[in-house]
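The same chain A turns up in both complexes below, where it pairs with chain B and then with chain C.
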Partner chain A sequence: MRVTVDVKGEETHEISLADLREIGGDSSADTAEDKEAKPTYADLLREIDLSPHEVSVLVEGRPVPEDQPVESEQVTVLRLIKGGSR
Partner chain B sequence: MTRESDTGARPSSDAATDEDDPTLVLPDEIRTQLCEHARAGTPEEICGILGGTFDSDRSQVSSAYPATNVADTPRTRYRIDPEEQLECFERLEATGEEIVGFYHSHPNGPSRPSETDVEAATWPDRSYVIVSLEPFAVGSWRWRSSGAVDTRSESGGYFERERIVS
Partner chain C sequence: MDCNRCDEEAVMHAAYSGAHLCADHFRESVEKRVRRRVRRDDLVPKDATPENPQTWVIGLSGGKDSVVLTQILHETFAKDPRIELVGLTIHEGIEGYRDKSLDACVELSDDLDIRHEVVSYEEEFGIQMDDVVEDDPENMAACAYCGVFRRDILSRYADDLGADLLLTGHNLDDEAQTALMNFLEGDVEQIAKHFDASLGPLSEREQQDEFVPRAKPLRDVPEKEVALYAHLNDLPAHITECPHASEAYRGEIQQLLYDLEENHPGTRHSILSGYEELASITSDEFSGEDGADLQDCSECGSTTTREVCRKCSLLEALV
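Then we have the complex of A and B:
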């Protein structure tokens, strides 16, 4: 599956989940369970050099946990807007 | 007209401004809107999104979109809910605007980015406008995610002061 990741205010990325699995580590060390594991939204973020600490991931306008497997072909990434005086 | 702040005082992290500094064009009526929003929200911090024409060195604000502060401690922190943020961006895109930056208030100062602001900043090259009510001042800073000078974070980013012109 290919996923379109729209980083608001920046670029839109096309990412192949199959490529992510290959990048994911030493395949010889993978267990059968690892090979079945789907890439997560955090894996998508890592691919575009973003940290879960600085962004929110949304699918169909709703936030999704970064540790969940990628299920959607369209993902929106928002950099967080926060801070404060103290 | 160049307007550094209404007190005429520059925050301690300022370098002298000149024509080479980044610039935010902030029309007087929008500046007034931000100040009124900040006063109405006191003692809590208020926040919002600025739309217009973005450039890494000279941006023009054409609209301000107030947002709900959903921080757990809104007197000293602000946070915009991601769903509201996305709705705002979609409204902004529908009118042909770009994301110029953001604004928030410091009801009791400082009239510059705090350590919390530095740690939480995530939007490279966008403008972060701060309305300080006590002392009163309006200033703007660009978040630079790499390089040197000014207020630096552990992540390597820093705020660069920019000129506000109307």
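Then we have the complex of A and C:
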């Protein structure tokens, strides 16, 4: 599956989940439970050098937990904006 | 993935606690942490009564942090006659930035029906940050000028408004960064000051009669969760970064903390809780020392350690 990751106000990335799995280099992936082998939203973020602590991931406008396996071909990423007075 | 507490779909995962929460339970969790912090920091004094209410001034920038703080404090104290909330917004003179966040502040204050005051650098000092950045007489980052002017206005207006407490929307990421920066700079006295100025429970702070005490009740909530709370509640938070923002060292520390948090969830929490304990000890250590000789600024009369305060000397350099 290919996933389109739209970082709002910045670039849009096309990421292949199969490639992510290879990068992960988990040789036990073939035998592991399907869910364990699936890349997560956090893996997608890592691929584009973002930390889950600096963005929110939305699927169809709804926030999703980043540790969950990617199940959508279209993902929106919102960067956090600094709050002002410090 | 279901919420840990009900059958609804989870909207977030907190790696530091392992929790998966739905929107409702997530909101509840954030509000609970803010209220617990208000209690632990002893922010509501025992002698506060409906006849003798406390005035809490919130530094309301219109960004997500101050908007979320204002919303939660309002929900907590709207029916409590002992606490009156006032929003204070500062317009720095940054074109296309502060105008929009000011709109967010006005909308929120109207929605919540709380008193709202707006003060500008232009009216107070006859300057605009856009021009200050151009002039830059001291060869400093924009935030260094802006911070001096902001602190001056916040403390003066807090005084004028009869504030008992000045509250700001610093989140866990902000405070963990500051803690780590103070530690890495080896500035132990600064750590003690941090405790007495804003971190310690009110009852444990070294008495500082010259200044309105500060508090940061959002500091147990990670920045990401503050943003998620604003998003889920559809709060009118402004969403652009200041065009002059330039805190290079803080940015470096922030990245370091993201990486640490990724590999060791809970790092920000442990940094801050250890730092607060350390700050309490150092505050005791420095207590009673009249290290800072406070006097009145010869130009404006504000309390300072110099003959002319930093704000007045910066204004002098700018003219």
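Criterion: the second predicted complex is superposed on the first by the 71 of 86 C-alpha atoms of A that agree within 3 Å, B and C clash if a C-alpha of one lies under 4 Å from a C-alpha of the other, contacts with A are read in each partner's own complex, and residues count from 1 in each chain.
Everything below uses one rule, namely that contacts are C-beta pairs under 8 Å (C-beta built on N, C-alpha and C of every residue); 3 or more make two chains touch, one makes a residue touch a chain.
Only a predicted model underlies this, so the values are computations on that prediction, with no experimental measurement involved.
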item: Which of chain B and chain C A:D19 touches, first, second, both or neither; value: neither
item: Contacts of A:P65 with chain B and chain C, given as first, second, both or neither; value: second
item: Touched partner set for A:P52, first chain B, second chain C, both or neither; value: second
item: First (chain B), second (chain C), both or neither touched by A:T76; value: first
item: Chain B and chain C contact sites that coincide on chain A, given as residue numbers; value: 54-56, 62-63, 78, 80-86
item: Touching residues on chain C, where the partner in the complex is chain A; value: 1, 9-13, 15, 20, 59, 61-66, 90, 101, 143, 147, 150, 168-171, 173-174, 222-224, 226-228, 231-232, 239-242, 245, 257-259, 261-262
item: Chain C contact footprint on chain A (complex, rising order); value: 51-56, 62-68, 78, 80-86
item: For the chain B and chain A complex, residues of the former touching the latter; value: 45, 47, 49, 67, 71, 73, 76-80, 82-83, 85-87, 89, 98-99, 102, 104, 106-110, 113-114, 116-117, 119-123, 126, 128
item: Contact footprint of chain B on chain A as seen in their complex; value: 8-9, 54-56, 58, 61-63, 76, 78-86
